[in-house]
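Heads up, the next two complexes both have chain A, just with different partners, chain B and then chain C.
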Partner chain A sequence: MEKYLAMIRMRFLMMLAYRTDYYTGILIYSINIGAYYFLWNAIYGEKSSIEGLSSMQMTTYVAVAWMARAFYFNNIDREIATEIKDGKVAIEMIRPYNYLGMKTMQGLGEGIFRFFFFSIPGMLLVAFIFPIELPHEPATWGLFGISLLFSFVINTQINLLTGITTFFLYNNAGLIRAKRVIIDLFSGLLLPISFYPIWAQEVMKYLPFQGISYVPSMIFTNGYSSGEIGMALLQQFIWCIILIIPIQLLWIVAKKQLIIQGG
Partner chain B sequence: MFYVSMFFQYVSQYMKTRLQYRADFFMEILSDLLNQVVNLVFILVVFGHTQFLSGWSREEIIFIYGFFLIPFALFSAFFNIWDFNDRYIVKGEMDRILTRPIHSLFQVILERIELESLFGVVTGLIIIFYSGASLNLELTWYDPILFILFAIGGALAYAAIFVVIASIGFWSDAKTSIMPMMYNIGNYGRYPVDIYNKVIRFVLTWVLPFAFVGVYPASYFLRKEEWYAYAFATPVIGVVFFMISVVIWNQGVKRYRGAGN
Partner chain C sequence: MSDAIQVKQLRKEFKSASSRSGLKGAFRDLLTRNYKIVPAVNDINFTVKKGEMVAYIGENGAGKSTTIKMLTGILEPTAGEITVNGMNPHREREKFTQTIGVVFGQRSQLWWDIAVQESFRLLKKVYKVTDEQYNDHMEHVIKTLDIGPLLDKPVRKLSLGQRMRCELAAALIHNPPLLFLDEPTIGLDVLVKLKIREFLKEINEKYNTTILLTTHDLGDIEALCERVIMLDEGKIIYDGELQSLKDNWAEEKQIHFQFIEQVALHEVQSLPLPFDVNWVCDEKSQTYIALLKEESDHISQLVSAVVAHFKIKDIKIHETSIEEIVRNIYEEGTV
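Now for the complex of A and B:
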C-alpha cells in the first residue's frame, strides 16, 4: 500500500514542477466552454428548457463536464504504449508491484494534482465569466464527489484496456486517438445523453461511457431526481467492477505473449 | 521553378516513407474521419431539438462545417508547424534550415508536410454536395473558381495565424502552449458568427480571422447576401494576413541566434 501512496505522491510532485503548463490548460478549457456556451445559447433561443435542462443548467453542465474532465483525464494508455514499445515494460514487470496498479496510482496522482490546480481554479474562473449555478446543498457536492471518483476509475480502466492492446497491436496510436474521440462523444461531455434520440440512449445504457461524464455532471446540475442519483451511482459502481474482468483477462494473455521490441 | 521542383521532390519522398507504414497511414485518415463524424453527430443531435440556430437551418450549418473542412485540410497538410518551437528552435535545427537554398519558412513547411490530412478535402466536398443538394443550391459557372479562391484564402488566413505564433519562438525561449489554444479557438469559425457576442465576432474577423475559414466564405454559396462583403474579402484577408505573417517570420529569422551546441 505504501509504495502505491508513494507513486501518487511522486506523480503529484512531478506535475507540480511543470505547473505553468496548466495555466494555459485552464484557458483552453475555458475557450471550449465559451464556444459551447454561445452555441447552446443559440440552440435554446426562446426555449426555456430542453429535455428538462434550463439554459442556465446547460451552461453549468458544460462547465462542470469540462472541468471534471481535467480530473479524470489521463494519458496512461499512451504511457503504457510507449513503455511497451521502448521495452521498458520488461523492467517494470520484474519490479515488486503490480504494473497496472502502479499506472492507476500515477493516474490518480495526476488527477489529484489537476483537481486542485486546474479544476478548482478553472471552475472559479468560468463561474466568474459565465452564468453558472453552483449546487446549494452540501449533499449534492458529496454525491458529486463520489460520482467523480467512479468516473476516474471507469475512465482509467478503459485507458488500461486500450494500453494493454499495444501488446497485441504493437502500434495503437490510432486506436488511442479513436478511443478519446468516442469517449468525448458517448460519455456526455459534448452532449448530455438525454439529448440523443431514444434508440441511441437505449444502446448507450449498455455501455460504460456515460458513467464518465454524464452522471457526475447531471448530479452537479441538479438534473437528476434523488431516485435517479442512486441508480446512476449504482450503475457506475457496477461498471467499475465489471471492467476489472476484461483487464485481468487481457493482462494474463498479454504477459504470456509479450515480445520486447527494444530495450 | 526551383521551388516547385523542390516541392514535388519532398512530396514524393514523403509518399515513399508513409506508404512504407501503410497501416499507420490509414489509421491516421480513419481517426480524422472519426473526428469529423463526431462533429456531424453533434450537429445532427442538436438539431433534433431546434429548427434554427440564429436563423441558420440544419443543412446550412452542415454546409458551413463541410466548407470549413476544406481550408482546414489544406492548412493541416502544409502548415503542420504547431511544434516548431520545440522541434526547430530548442533543438537548434533552425541552423540547418538556414543553410538551405530556399526560403526558411518554405523549407520548414516542406519538411513537415502531412499529406494524409488532405483527405479532409474529400470529406468536406461530400458534405458540401450532400447538404447543397438538399438545400437546392444553384451553381453558376464561376462558382467553382470562387470556391477554390475562398478555400485557399481561408487556408492562408489560418496559416498566417500559426506562422505568427511559430515566429514568437524567435523572440522568446519560453515554451509556448499557445498553439493548442489556437486550434481550439479555430473551432469557433465552424459556426455562424452571429451566435457570438460583438467582441468575439470582432476578434474572429479582424484579429484571428478564423471566421474567414468557415462561415464567411460559405455564406456566399448559401446565398446569404448580408454576408457577401465578408465572403468576397476572404482571399484578400488570406493574402494580406499571410504576407504580414511572412514579414514577421523574416524579422524573427534575423533575430535568430541559434541554440544548443
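Now for the complex of A and C:
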C-alpha cells in the first residue's frame, strides 16, 4: 500500500515540476466555462427552463462539470501508449508492482492535485464571477463526492482499456483521440444527457459514459430526485465492477503479446 | 540452491510482418499480411552459479537483449524453461522482481523531471526497504559511486556518466542477489567506466552478488568476468572461461620490427631459423611483422637471429587482443 501512496506523492511532485501546464490549464478551463456560460445564456434567452433545468442550474451544471473533469480527467492512456512505443514499459515490468495499478495511482495523484489546487480555487472564483447555486445540504456534497470518485474510476478504467490496446496496435493515437471526443460528448460534459433525443438517451443508458460527468453534475445541481440519485450511484458502481473484466482479460493477453520496441 | 540462473531449451520467436513491394503490394497488405516467424533466441541452455560474474556477448541482434528480457520476466518465452532465483520470472513477476536489479544502459529508470533522491525514495518504498537497510547499504553505494552531490538535481540536468552512476545505485536500492546489466557502460568515458567496473567488483566480493552483463566493450569483460557466453544468431557458440578462449584463439604472436636501414623482405625471410616464421611487410611504416606459433623459445631464437643480422630501431611483441579474438570468431561464426 505504501508504494502506491509513494507513487501518488511522486505524481504530485511531477505536477509541481510542470508549472506552465498548471497555469495554462487554469486558463483553458476558465475560457471553457465562460464560453459555455454565454452560449447557454443565449440559448435560454427569455425561457426560464429547458428540459427541467433552469438557467441558473445550467450555469452551475457547466461550472461543476468542468471542475469535476479536472479531477477525473487524466492522460494515462496516452502515457501507456508512449511507454509502449518507446519501450519504457520494460522498466515498469522489472519492478515489483502491478503496472495498471500504478498507472491508476498516478492518475489519482494527478486528480487529487488538481482537485485541491485547481477545482476548489477555480470553483470559488467561478462562484464569484457567475451566478451559481451551490448546494445547501451537506448530504448533497457527500453524494457528489462519492459519485465523483466513481467517475474517476470509470474514466480511468476506460483510459486503461484504450491504453492497453497499444500493446496490439502499436500506434493508437487515433483511437485515443476518438475516445476523448466520445467521452466529452456522451458523458454529458458538453450537453446534459436529458437534452439528447429520447432514442439516444435510451442507448446511452446502456453505456458507461454518463457515469463520468452527467451523474455527479446532476447530483450537484439538484437535478435528481433522491430515488434517482440512488439508482445513478448504483449504476456507476456496477460499471466500475463490469469494466474490470475486459481490462484484466486484455491485460493477460497483452503481457504475452508484449514486444519491447527499440532494442 | 547454488544456481542463480537455470535456462533450459529457451526459445523466443517473433512474428514479423513483411511488406509486399509496390503500390499494389501495399493495398494487398491492407487486407492480408505476410508473416515470418523469426527465432531471436534459439534453444539455448546455460546455468549461472551464485556469485558468478558472467559476460553475455554477441553482435547486435544476436539475441542478447531478448534473453535478458526473458530472464527478467519482461517477455514470455515461446518455449523452454527458465528458473531464476528459484522462480519463474514471467509467471511470478511481482515476487520475482523483488530479488533482481536491472540496469538498461539505453533506458533510464529514474524520473526525468524530478530530483534523483525522489526517485530513490519511491524505489525504496516500492521494494519495501526499511530505513535501516537503506541507510546501511545506500550510504556506502552513494559514497563509492560518488553521487552524493547529484542527489538533489533533476535527472535531466545530469550528464550521461552521472546519470549512469545514479541508475546503478537505483538498481541496487534493495541490494538484490542478482544483477542484470544490459550494456551498462555504453557511451561512457574511461574514468566513469573504470569507476563502475571497480564498484561492480566490490559489490560482487562484498555481497556475493551474481552479475550477468551484456556489453560490446571487451574491456568490461576483461576487467570483470571470468566466464563468457557468446551468442550468435540466437545460438550459444561459446560458453566457458575467458582465459581458454584467449588460449585457443590467440595461438599466434606478432612481433613487430623496425629497422634503421633499408631491409628487403627476402632478407628477413632467409634468416636461418629451425621453424616456420611468416613475415609480413607493412610498407607504410617500414615495419616487418613476424607471425609465429608461441612455442618453447621460438621467440627468443627469432629475436636473437634478427638482432644478429640487422640494426633494430624498435621492437614490439604484440599479443592478440580480446577484440581481435572476438572479431575472428564473429567472422567465422563458430568457436
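Some points to look at:
What we mean here is this: the second predicted complex is superposed on the first by the 259 of 263 C-alpha atoms of A that agree within 3 Å, B and C clash if a C-alpha of one lies under 4 Å from a C-alpha of the other, contacts with A are read in each partner's own complex, and residues count from 1 in each chain.
Definition applied: contacts are C-beta pairs under 8 Å (C-beta built on N, C-alpha and C of every residue); 3 or more make two chains touch, one makes a residue touch a chain.
Everything numeric in this text was worked out from a predicted model, so none of it was measured.
Contacts of A:227 after superposition: neither chain B nor chain C is touched. Residue contacts after overlaying the shared chain place A:174 against chain B, while chain C stays out of touching range.
Using the contact criterion defined above for the overlaid structures, shared-chain residue A:138 touches neither chain B nor chain C, since it reaches no partner. Within chain A, no residue touches chain B in one complex and chain C in the other. Per the touch definition, chain A reaches chain B in the complex via residues 21, 24-25, 27-28, 31-32, 34-35, 38-39, 41-45, 47, 50-51, 171, 173-175, 177-178, 181-182, 184-185, 190-191, 195-197. If you check the complex, the residues on chain B that touch chain A are 23-24, 27-28, 30-31, 34-35, 38, 41-42, 45-46, 48-50, 52-54, 175, 177-178, 180-181, 184-185, 187-188, 191, 195-197, 200. The residues of chain A lying in touch with chain C in their complex are 2-3, 5-7, 9-10, 13-14, 17-18, 87-88, 90-91, 93-98, 255-256, 258-260, 262-263.
Of all the residues in chain C, the ones that touch chain A in their complex are 14, 65, 69, 72-76, 90, 93-98, 100, 102, 104, 106-109, 111, 113-114, 118, 121-123, 125-128, 154.
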